[in-house]
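Chain IDs A, B and C follow the sequence of writing; residue 1 opens each chain.
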Amino acid sequence: MDVRVVAQTSEWGDELMTAAVELTGITKRFGDVTAVDHVDLVIEDGEFFAMLGPSGCGKTTTLRMIAGLEFPTEGSLKIFGDEVGTLPPNKRPVNTVFQNYALFPHMNVLDNVAFGLRMRKVSKSEARARAAEAIGLVQLAGLENRKPSQMSGGQQQRVALARALVNEPKVLLLDEPLGALDLKLRQEMQGELKALQSELGVSFVFVTHDQEEALTMSDRIAVMHDGKLLQVGTPEEIYERPTSRFVADFIGQTNLLEGTVEDASTICLANGARVAASSDHGVGAKVALSLRPERAQLGARGSAPSGPSVDGVVGRMTYLGNARVYTVKLDWMEVEVREENRPGVELHAPGTEVTVSWDPQAISVVTDS
Amino acid sequence: MTAVEEHPVVEATPEFEALAARQERRRGALYALPAYLYLVVFFAIPFLIVVVYSFATRTRTGGVELGGWNLDSYQRLGEEIVRDVLVRSVVLAIVTTLICLVIAYPFAYFITTRSPAVRNVMLALVMIPFWTNFLVRNYAWRLILANEGPLSNTTDAVGLGPTEILFTQSAVVLGMVYAFLPFMVLPLYASIERIDTSLIEASRDLYGNARQTFTSVIFPLSLPGVVAGSILVFVPSAGAYVTPAILGGNKNVLLGSYIVDQFGNARNFPFGASLSVVLMVLMLTATLAYFRSGGRNL
Amino acid sequence: MTTIARPRNLGSRLLGLQAALVYAFFYLPILVLVIFSFSDDRLVGRWGGFTLGWYEAFWNDQELTDSLWVSLQVAASSTVISVVLGTLAAFSLERFRFRGQRVFDALLYLPIIIPDVTMGIMMLIFFSEGIDLLDSVGIEASKGIGTVTLSHIAFNISFVSVVVRARLSGMDTNLEEAAMDLYATRWQTFWRVTFPQILPGIIGGALLAITLSLDDVVVTQFSAGPGATTLPVRVFSLIRKGVTPIINAVSVVMLVASLLLVVVSLIVGGLRSSSTPVANDD
């Protein structure tokens, strides 16, 4: 199978890279319900891109609109510069791997994989040859004559992959591809999908509600909630610099300390304490400090920490084996502090008065949404 | 293969979405059209004609004069003879239903106590005679119950004297029970099988004996099946024609034969039509009750 | 599926006995019928030695074999048309939404619940009026095989559509989406993906239609004209005139035919359901 050519020419000039998928103002309404609300999104060619969010956030609907299984109510949807939003799925150069694989039960593996080619009038012999090649690519060589019912979940998923990829789509869409697999198989498939994608160079767009999966596999992630696109960025950007409360809370664990902006470098917390924190939200804006448990340090009360801090009392300690999580009661809320279980680390017994401190560079200031 | 058509593709708008939805609807309606037209012409219209006939006038020679809202046929429904027929048919249907219930309930219960494999075999064995030709199943009883037939000879041989049951109402009930018993067994079985065993165990745990467990737990929970089965037996029994015709003889006319008669010897089409309408209304009400009580597809 | 605890006691034994009696009740009449169809005695119901004579008589009886042929013709043609119309109807109800769908659904249901006497009367009056109407514009028409077939189609469409609908609704709709995703047109999607999946339903519906058509007595009787008697109608009128041994033979033949149909549909149903897979995750 050919490796994709990454750069595309456009009418404006040579070697201008056109985005693989471009959504502008994409909206989908079902009666009174707005499932997808004015989403603007660019997915680059050759990216491993994830759409992440809780169920009902609109990520699957958006994926289906790219596939053509739904028409947008409004907006422009371009694939490599061509407007395709109103084209039926069988006229778009994208293919989908469905959540439950949707393999045709009455056909064997070879005919399943060859299906798309046959529909496009490729000769039977050539289609079968190319299908066999794709089956080898997903390491299922030798199983061409099996029926889907005779295969395990992991194998079925590979067949679904081969069936989509054999058509050399410009974009591959995957709807929660690993959800039905058990842990070990899932981790295995994660690695294989990554390897496959970088070998082929085709954009993979996959939908998941598992943030760990998104973080480990993607080049970039789009976080969605309630139909709105909240943030797009690399896994690092999403984790380290969330721009909204929801993203901060949804990805990993965090403590949200409420407060208001006093000036560009100070925030007034709910207990009145003023801490150093840079933000570009207007003065008086209601914000929250997103402090991840592993970024917080616990010290005995009285030890003068270098950065911003708050005082509290240790409530509970949870032992996780590789770390300890302390629940610290502040005057107005509880925060969690995570400490690696290293030899010689100081332990804090419940009831101890402590100070929680952090590096102002290691936190984010987020607003509502 | 390219994505773009020769003509430019439009951007998505609510108008386009609505248009696409409309096209889908039109397609669906198109697929439905042939069957719909057929049923309108060969079912709905015939039914309407029957209703029109029920308001028509019977001419002296037995013909039909249409037009006008003649309520004669409906007024005849109140006559004593007619009421007798109606009452007799309903009573017979109720008797049939009760007998089916009494026979089917322990039978269905027994099936639920067997292992799944045995259950399937037992149910299949119930269904097989049911799927065989209806006429033949009635005729078999005609054969057996005939005077000087197998049954009579057998009872005579064991000293009970010859049995002359044919052409009596009992024979009709027997035939109907035989024909419709599976209709009672299946819903009962489905309903009893669905009962959570832990409820029965709870009853035992709380000191209930077998009889109390049955009356307080099992029977009430199986009520949907009882209702469903009863309706499924009552409806065809009330309108039965073939069974009474073969096993019932000419005395004690039932509704089915009475209606057919109006189109035969009695030549009173309007009256036959009004009787048919009554039967149809009866069936519709029973069926609605069936669905209201949570019954599912037959 | 829950199995109610089995009490091993007198109650359980009595229940078992009752069940055995019920089965005897179901099968004995049929057995008796079969036995006496081989009985060489003019008096029905008396055993007079084994003979195949009545079957021979059936085969030689012109009227009976003619009516058998009529039954087969009506069953074949009404089934073909009902399957096509019924499958289309099922498809429209399960895969689409359109105005008047509820009404259509209800209309489709009526032939299933209507008592056969009422339907017979409906068709009788309808055809009589229809023939008069055609006559008044100079078209000569009469009741015959055609009218019987038309009546059979009227109820068979509904039964076929119920069976096919069940199959359609149980089918994974993702399969059709996957086919479209893989460049199939609607036509291709239907024939390559949907149709193979619903085929057991279509066959089941067809078998049901054949059975109902072959079995029907009342509606046929009222829709028929001279020369259009089906076998059950013929037998019905024979029975009412008086029972003769030949009827036993005819009955057994009809019985065997229905049993064959049941066995075929069970086999087809069993075969197909074993080849429909459930994706398991491991």
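FYI, contacts are C-beta pairs under 8 Å (C-beta built on N, C-alpha and C of every residue); 3 or more make two chains touch, one makes a residue touch a chain.
Being a predicted model, the structure only gives us computed values, none of them experimental.
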item: Shortest contact path, subunit B to subunit C, counted in steps; value: 1
item: Pair joined by more contacting C-beta pairs (A-C or A-B); value: A-C
item: Gap in Å, rounded to a whole number, between the CA centres of subunit C and subunit B; value: 16
item: Chain centre separation in whole Å, for subunit B relative to subunit A (CA means); value: 57
item: Per-residue multi-chain contacts in subunit A, two or more chains; value: 91, 120
item: Subunit A - residues contacting subunit C, complex; value: 67-69, 88-91, 94-96, 98, 100-106, 115-116, 119-120, 147-150, 152-154, 156, 163-164, 167, 180-182, 185
item: Residues of subunit C defined as touching subunit B within the complex; value: 1-7, 11-12, 15-16, 18-19, 22-23, 25-27, 29-30, 32-33, 36, 43-46, 84-86, 88-89, 91-93, 95-101, 104, 107-108, 110-118, 120-126, 129, 150-151, 153-154, 157-158, 161-162, 166, 211, 214-215, 217-218, 222, 232, 235-236, 239-240, 243, 247-248, 251-252, 254-255, 257-259, 261-262, 266
item: Residue ranges of subunit B touching subunit C (in the complex, touch as defined); value: 24-32, 34-36, 38-40, 42-47, 49-50, 53, 103, 106-107, 109-116, 119, 122, 124-129, 131-137, 139-144, 146, 148-150, 153, 178, 181, 192-197, 200-201, 210, 235-236, 238-239, 241-242, 245-246, 256, 259-260, 263, 269, 272-273, 276, 279-280, 283-284, 287, 297-298
item: Residues of subunit A touching subunit B in the complex; value: 26, 29, 71-77, 79-80, 82-87, 91-93, 120, 170
item: Complex contacts: residues of subunit B adjacent to subunit A; value: 1-5, 8-14, 16-17, 20
